[in-house]
Amino acid sequence: MDAAGLFRQMARARAFEDATSALWREGRISGEMHLGTGEEAVAAGVVASLRPGDAVALDHRPTPVLTVLGVDLAGMLAEMLGMESGIHRGRAGHMHLMSRTLLASSSGIVGSSAPLGAGFALAGRALRPGSVAVAFFGDGAMNQGMLLETLNLAAAWSLPLLLVCKDNGWSITTRTDAVTGGDPVARARGFGLETVDVDGGDVGAVAEAAADAIDRARNGEGPSFLRARVPRLDGHFLGDALVRAARSPAGDGRQLLGDVTSAALSRTGGGLGDRARSVVRLLDLMRRARREDRDTRHDPLERARSTVGQEVASRLEAEALAEVGRAVAAAGGAH
Amino acid sequence: MARLEFGAAIDAAVAEAMARDPRVIVLGEDVHTLRAPLFARFGPRRVLSAPISEAAFVGAAVGAAMGGLRPIAELMLVDFVGSCLDSLLNQASKVEGFTHGDWKVPLVVRATCGGGYGDGGQHEQALWGLLAGIPGLSVVVPSTPADAHGLMTAALRHDGPVIFLEHKLLSRSWLEFLGAGGRKTVSFDVPPDGVEGEVLAGEEVPLGVAAIRRHGDGLTIVSLAVGVHRAIAAAEILAREGIDCDVLDLRSVRPLDRVAVVASVARTGRLLVVDEDYREFGLSGELAAAVLEAGLSPRFARVCVDGTIPYARHLEDLALPSVARIAEAARELARVSPDLPGHG
Amino acid sequence: MARLEFGAAIDAAVAEAMARDPRVIVLGEDVHTLRAPLFARFGPRRVLSAPISEAAFVGAAVGAAMGGLRPIAELMLVDFVGSCLDSLLNQASKVEGFTHGDWKVPLVVRATCGGGYGDGGQHEQALWGLLAGIPGLSVVVPSTPADAHGLMTAALRHDGPVIFLEHKLLSRSWLEFLGAGGRKTVSFDVPPDGVEGEVLAGEEVPLGVAAIRRHGDGLTIVSLAVGVHRAIAAAEILAREGIDCDVLDLRSVRPLDRVAVVASVARTGRLLVVDEDYREFGLSGELAAAVLEAGLSPRFARVCVDGTIPYARHLEDLALPSVARIAEAARELARVSPDLPGHG
Amino acid sequence: MDAAGLFRQMARARAFEDATSALWREGRISGEMHLGTGEEAVAAGVVASLRPGDAVALDHRPTPVLTVLGVDLAGMLAEMLGMESGIHRGRAGHMHLMSRTLLASSSGIVGSSAPLGAGFALAGRALRPGSVAVAFFGDGAMNQGMLLETLNLAAAWSLPLLLVCKDNGWSITTRTDAVTGGDPVARARGFGLETVDVDGGDVGAVAEAAADAIDRARNGEGPSFLRARVPRLDGHFLGDALVRAARSPAGDGRQLLGDVTSAALSRTGGGLGDRARSVVRLLDLMRRARREDRDTRHDPLERARSTVGQEVASRLEAEALAEVGRAVAAAGGAH
């Protein structure tokens, strides 16, 4: 796909996330609303190589991929609004958006997209020769047993599967590397997988790497692991408490900081060093959360804009906005 | 019509389905040896040996079912469900509900269950109550070769996830594999009618339909798997003492055949549950609820497993529902007179 | 005596125990932020942030408990027990039985549970019935800050594994974290008496003891967690209609306070179970068995969750036990007259 | 520990396994009896570096390590016989032998020794500074999620833990490499662990490698992964059906071979190539099982015998036999 085509998909995905965010703020979407802002280049770049009969298994940030795949936007929005006109008549919600016809599923259980993707690959090999499956997940999911087992299963069964790790550095409020040994790519290689490491904010690079890996899978040459570094532009979920506290320490963060300070000064407790280590870690997390909050320098859309040129970009964005606007209206989102 | 052993009856149903429908595949640890004939006949692409990764391969079976296959994932022992519960609790059982019926998961999880051969507390559990507590799953536990064959046939035609439990004491191949190991120096209290019997190819035993194994008006014994055979043996003793028992074989735990249970208990006024699963928060409680919800007020008792199953054979005998314990509980129940018929 | 929120009451019990006993540690995902005050006060060696590896860190907590610590493993949402069931089913719950009481596992697993904020079917389950079905575990589910504090205190003094479930609708911090996210545009049907209340430091609420929340002779409502508050609200409506209800708060699912349940039902002759867990094969069934085993024959009904919890708020309201459904079921039960007292 | 000391422990462990085997054949031991014959060098070599306060988590072949650790042999035998005089009064059996005072546990769930060992390490670090924990498991267990997660947890928390993979090449009747991607050592390294690969039949090599790793753990330098290749001398468990069939294709194997042949010749089924692949694989497994059955060339005891000299070896073996004989008698095993 050409750069404009990729940008168009990214713009569509972003417009969808932005619309979701607005509806969430209005109180019309419930539960933990995880946006995929920052992951649009990965969604567009990978999906560009997919064909009918391929399958995707998604995690708790499914909407960019589903948008690019072509799931009905009004139906997805209506689903998130809990309406009977939703694609699952309001039964599933945003962590469980699926499409049987497009062979796309999502799940809110961290790591579960990997075995599901492996199963899609297995079925694809038997029923749709030449097809592939893709499993998307985060860096934190790389510590979940069922996913680790699947790295092995994919290699052992030589499945036509692409495992895509969207590495945003975070597991909710935990820096993933603080709870992880080694590096995701080396880890995947240790399971005998082909690996590739790309800048997930560079849609061209993602598209190229994914095309290679998917080609190999189609040709029966087995699975690959693709690590794509992505930014997390909107915190873990909308309303992320850590991000809000970091943004406004004297406002939303007041309670947390007050509680932490008085606890650290408690008469009984750990040694001074221990307490200091904790406080420093918490402040460091807030610093990072603040720095990354809506950091446009790493925004894949900003980066892609320069490739296609301002003019084309603006036109495509306007089209995307209009399309999503129509979907919002159709879903009954505007009121 | 053929005379088959329990395990062979299941394998025959699987082979029939595999021959009929290329979407049926088998995957699990050691299936190339445990299902060697299927492996030799259908090849390694339809009988897939898995690593010791229950979460991955049962999870993959869910995905494969969503992707158009009809997989049978073999879990060896149901005790190992602790390693893959998520795939059943949050994936297989939920997809149909999430999609409001649009996307179904035609998956069979085949696992052995149960004790009676001294394998200890981590390898002899029943766990059908725990699994039946998950809406969206079906759970079947046959007690005869005919039912084993018929329920597997039905499970493979069903469009939702089915847990198929194979009691090791009924399955000569498993008992030989895990318990005897070629020895003539050990023996097990194996129910003959459960181990071998007539089987009709292609015949389906519908999910959720109980069978009456014995008729009597004094007391209803509800059981499943090995318990059914123990209950029948107890009923024979009891009959000589003037206590006539209905023995109901549930066959399916979920869906539960409430109608059959209620019909029998309405007649007898006494319900004795014989359940090799843990006593509390499981099947026996659900049966109590079923009769109360139907407005009956039977005398009620249950013979179940109370805690971790002990390893020692003589302690295990005391822990599992035995003919003696069943007869004792039945006599106790028969002593008090019930209200008949159920009011309400 | 202090007025505390539900979650703060639990944290206070944890802090008291940690200050008193250096063997108490906390481990789990994001505990450095979710328990930031504990983290700041006791340091990263006693409040350990874990990777998203429930099987490893809950399993490690079992080993740590066997090795002499008294860990609290936080599971975030009880729905994630699917990823670590083995550590509870085959390890934590079995060690005491295997060693005939010699080796105990003083472990607390703290997890949130329950729905009412529109998070969908994989994130709002109760699952206390499933967990209580495992012999060797205790399962507690408080409904007030005082009980939350007292039960956590008891759990931390108990020498066996305890599952401590914290209902998200009662816990303002969790509800804010998962449901509101700083918005003023959403609201939840939060029971005020569950969310904030008086708490006595150091006071223990023993495991396995129910509390009577309301007295009445016409009907017994047995519930726990949010259900208790819904039941009380229903009972107030019912009282105006001439139906007087006992409302029993179980507080512990396992051990189950059978004595309290039986005493109340023996008096009222009617049992209504209000249980946010799945209807079948769980707590409500076990309560039916408890009263039948005691020789009672009450009118019985239950208000539970029937299947996968839907995402949409209005559908979720219909799926979870509501005041309206409880009142309706109670009226139905009150219409038929019971046998009193229980015979047998 | 000197070579004789190590040999003595190996001989004790072997004598215990042999006694168990005899009792099993007599029908006095129930369930799946997994022997640790072939693993004696690993048991002796690792335990040589342990001290009071250290802890071990074991799998379904716990007896060699427990024997070397010094658990009461008569009590263990009585436990396996299901007697009230057993160390757990017959409640636990051979897959769940434990010792609270020695901080040793075992479990029949594959992979579970890893998280339990990590927990022991955590408790040891807090309560018994300078202590270590060891988790023993097989090559097949390297594909179990909870173990994979623990490789990461150990590295992330820098636990004083030694992870010992007794690699016998088998997972029951499956060749582990047929279902495994990559290599166990590379895999462990991918999790950021220090690794060492030793010949598990060479007790000196094991002892040296374990001593190093345990030293480092004691000094707060974190966990290690030790892969020791071991032979499987008595099949998966006593009475292993595949081994029996391989040993006697016309006897114990007749049924299996007959069933397989008639299935392979079935009118309907897979293509010829598929069937052939299956049959070849089964025959290859039988060939291997036959070759490895009681293969004395790889027996660690035979190999250690030459190091200590025939005379010393015979004396130590006689002592071990006598000790175990007394334990059997005390347990009521002789009759």
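A, B, C and D label the chains in the order they appear, each numbered from 1.
The rule is simple: a contact is a pair of C-beta atoms (placed from the backbone, for glycine too) under 8 Å apart; a residue touches a chain by one contact, two chains touch by 3 or more.
Owing to the predicted nature of the structure, the values given are computational and were not obtained by experimental measurement.
Undergrad: Is the C-beta contact count larger for B-D or for C-D?
TA: The greater number of contacts lies at B-D.
Undergrad: How big is the gap, in whole Å, between where the Cα atoms of chain A centre and where those of chain C centre?
TA: Comparing mean C-alpha positions, chain C is 33 Å from chain A.
Undergrad: Between chain A and chain D, what distance separates the C-alpha centroids? Give it in angstrom.
TA: 42
Undergrad: Express in whole angstrom the distance between the two chain centres, defined as the mean CA positions of chain C and chain D.
TA: Here the centre of chain D sits 41 Å away from the centre of chain C.
Undergrad: Which residues does chain D have that touch at least 2 chains other than itself?
TA: 91-92, 96, 107, 109, 143-146, 149, 152, 156, 178-180
Undergrad: If I count partner chains per residue in chain C, which residues reach a count of at least 2?
TA: 45, 50-51, 53, 55-56, 79-80, 82-83, 86-87, 90, 94, 97-98, 120-122, 308, 310
Undergrad: Work through the pairs of chains, note which ones touch, and then classify the graph as line, ring, star, complete or other.
TA: Basically all the chains touch each other, so complete.
Undergrad: Which residues of chain A touch chain C in the complex?
TA: So the residues of chain A in touch with chain C come to 24-28, 30-33, 79, 82-83, 86, 90-96, 107-111, 140-141, 143-146, 171-174, 176, 178-180, 237-242, 244, 252, 256, 259-264, 266, 268-271, 273-275, 277-279, 281-282, 285.
Undergrad: Could you pull out which chain C residues touch chain B in their complex?
TA: Listed in rising order, the residues of chain C that touch chain B are 55, 79-83, 85-90, 93-94, 97-98, 120-122, 129-130, 132-136, 253-254, 256, 271, 278, 280-289, 291-293, 295, 297-302, 306-308, 310, 336, 339, 343-344.
Undergrad: Can you name the residues of chain A that touch chain D in the complex?
TA: Those in contact with chain D are residues 143-146, 148-149, 151-152, 154-156, 178-183, 186-193.
Undergrad: Would you pull the chain A residues touching chain B in the complex into a rising list?
TA: 55, 57, 88-89, 91-92, 96, 98, 100, 103, 105, 107, 109, 112, 114-124, 126-128, 133, 145-146, 149-150, 152-153, 156-157
Undergrad: Give every residue of chain C touching chain A within the complex, in rising order.
TA: Result: residues 18-19, 29-30, 32-34, 36-47, 49-56, 79-80, 82-83, 117-123, 176-186, 308, 310-315 of chain C touch chain A.
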